[in-house]
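Order of writing sets the chain letters: A, B and C. Residues in each chain are counted from 1.
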Amino acid sequence: MKKEEVQAAIIEAVHQVKSTNPMAPSITNTVTINFVANTQIAVGGSAAMVYMPDEGKTMANIAQAMYINVGTIFPIYEETLPQTAAKLHELGKNWVVDPVAIGIGELRTKLLNDFKPYKPSIIRGNASEVIALAHLWHLLDHPSESKVRGVDSTESVDQATEAALALALYTGGAVSVSGKTDLVTDGHHIAHSHGGSSFMGKITGAGCSLGGVTAVYACVADPFIAALTACQVFNLAGSRAEAKVKAPGSFQPQFIDELYLASAEDIAHNSFDFVTL
Amino acid sequence: MKKEEVQAAIIEAVHQVKSTNPMAPSITNTVTINFVANTQIAVGGSAAMVYMPDEGKTMANIAQAMYINVGTIFPIYEETLPQTAAKLHELGKNWVVDPVAIGIGELRTKLLNDFKPYKPSIIRGNASEVIALAHLWHLLDHPSESKVRGVDSTESVDQATEAALALALYTGGAVSVSGKTDLVTDGHHIAHSHGGSSFMGKITGAGCSLGGVTAVYACVADPFIAALTACQVFNLAGSRAEAKVKAPGSFQPQFIDELYLASAEDIAHNSFDFVTL
Amino acid sequence: MKKEEVQAAIIEAVHQVKSTNPMAPSITNTVTINFVANTQIAVGGSAAMVYMPDEGKTMANIAQAMYINVGTIFPIYEETLPQTAAKLHELGKNWVVDPVAIGIGELRTKLLNDFKPYKPSIIRGNASEVIALAHLWHLLDHPSESKVRGVDSTESVDQATEAALALALYTGGAVSVSGKTDLVTDGHHIAHSHGGSSFMGKITGAGCSLGGVTAVYACVADPFIAALTACQVFNLAGSRAEAKVKAPGSFQPQFIDELYLASAEDIAHNSFDFVTL
């Protein structure tokens, strides 16, 4: 795969989403659920959020891809999340996991552990979350030093490269590590996507919505292209929005505007590096 | 009833809400709960959201009208929703049901079925949801072909006319079908409200918030006038907001601004058709 | 303590938050949870929201201060809230309670009652909520006439002075009463903070987010200074935002912008009265 082929695949994914309006249902946290839905719709997808076990399985059946974000945990998730993940795996559907705040709480840890055999197609997190998940799943041979602080990362994207590769090789899918520069890998290729805005760290939900938008693209593209396309449109929209506002309150609606207005060509030509391992 | 009388009633409803600030509590989904509250406040009402069974019944007691939206289901709803609906019916209060994503999940179906004997004063949904509810309640004599896709409609408002009439005649209240043109009927009259914006389909919550605002007007007006007034202010605010923005991120705050700024006279004179059957 | 010392302490609190980015986790309602998080981040803090009992206790352990808002109640709160409050009290951490809609529902009343022995460092509410909490805890010797209407206050801030003093003297912390002018007291001093905007009553979440931001400042300052600093930045940002917008939809992002842009000096010099009792 050459960079030009990657760009062509990104353009194809963006066009496919805009022309087919695919629904990427979510089981996601209550903090950013509205922002996730609005960003999914802005790029051309459709959103639907559920909590109940049978609804998770129904959505797994009817959707082309799905998004599971463990940012806030409800008791019913003990049933909903493993059952939905198992169904997605059984059906061979793409699904995105966002291991928000991994390490906080017994049920969250149990649920993230339960996901291991169901091999999520895409794992999206900040550096600390990706490293912690690789440790939780025993994919790294050196000991863990958990540095997750609530929902914030304390490690750099580069520090997560090894963990991202290990996770991608285990799942056979892709891993998307968010930071100043975003890293996307399928274990055989690594892309670094540039741009974005410091304001994306000054609002809540930049990461969650990236996960949701990744799931939208995963309805029409393979995990690596889906994850990279989402990073590209976020980095493009973030930098464009930042140029027009002075603070994070105005940034949020402007960012959604830019997601909506970005062309496939501009998304594909947002700056990124691509290497084959 | 003549069109001029309808317009006078709309003006009266808008003035009554602005002068009395009625509280229309909701049991509503977590995706758009903030947007519902902000739109209810923007038109002059007051919002309060609850989940627990006794809180639902307390709200039914103290409020003039209430809003129940099944967009996201929690396990406790098995108790909360039927108990609240029964109380609202017993007290003769106006209440609005939004059968979001009808057909997804056993509990959602059970809850919507449970509502039948309590005859919601106003049913608000997209065409597919209204048709599906009429089928669920066995009010149509031809077989159902469910076309609900998550929260999106796949049918036109016109296709839902028969279902809307059947529901309104059964409940003795009104039905509000949302689409490019909105249909409101009480079984004896049909109004079509024009305007709005394509951006209302590019954000999440346009329908949910219409339901919430309908409940605000149902605090001071009969179901038909309440439902129509809500459609009129939404269509007016939607078209005014669209003229000022280029994308759905900016549309959302602008839309709330226009809801807040719209005068009673402009709301009543937004374009609509009215026929007596 | 002189007014100049109070202002110096406010400046110090604002600088400390901006330089240390403290995390103030919340257990808070679903209506305004996103707005709470975004305001906390805008002033320089970090947000994390949880629902589960062990997560509440974990957060109590790792955070410097915490926020508990009972605006919407879930069944699991019966375990989560008392356990988290007990842990916060045991660890001597600052924590803020927002007794939203006190009087609605058995569990809400039970939970607010349970908080009494754990003496929340800061109580933040509107006048009616503060009066109702003082009555619930039997801190006033005249009979209660509850005037809470959902989430709205029907009493003035001045009418809540006695209740605020009684609560502050009982807890040994501070009480923050929100209204046209905000009152903050630790039982020995009273500050009245001026400014704000009528639009803060036309959006949902002005009170909840004030509670959340109070918790951010309580990570670095004592309860009285934390509560006053939060009122000062809110009143400053509110009046600045109002000057730039015409309606509540635009007010919300503008208000977050102004929270973000406000300097420590401007926050300290926003108009307030200060008396020692």
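As a working rule, a residue touches a chain if its C-beta (ideal position, glycine included) is under 8 Å from a C-beta of that chain, and two chains touch if they have at least 3 such contacts.
Treat the numbers as computed from the prediction; the structure is a model and nothing was measured.
Asker: Touch graph of the chains shown: is it line, ring, star, complete or other?
Answerer: The chain contacts form a complete graph, every chain touching every other.
Asker: If I superpose the C-alpha trace of subunit B onto subunit C, what rotation angle comes out, expressed in steps of 5 degrees from 0 to 180?
Answerer: Between subunit B and subunit C the superposing rotation measures out at 120 degrees.
Asker: With over half of the numbers shared counting as same, classify the subunit A/subunit C interface as same or different.
Answerer: Different; most numbers are used by only one of subunit A and subunit C.
Asker: Indicate the whole-number Å distance between the mean C-alpha point of subunit A and the mean C-alpha point of subunit C.
Answerer: 34
Asker: Mark out which residues of subunit B touch at least two other chains, giving numbers and ranges.
Answerer: Expected reply: 30, 34, 74, 252-253.
Asker: Which of the residues in subunit C end up touching subunit B in this complex?
Answerer: 29-32, 34-35, 71-75, 101, 104-108, 149-152, 202-205, 245-250, 252-253
Asker: Give the list of subunit C residues in touch with subunit A in this complex.
Answerer: 23, 25, 30, 33-34, 37-38, 41-42, 46-52, 54-55, 58-59, 62, 74, 76, 252-261
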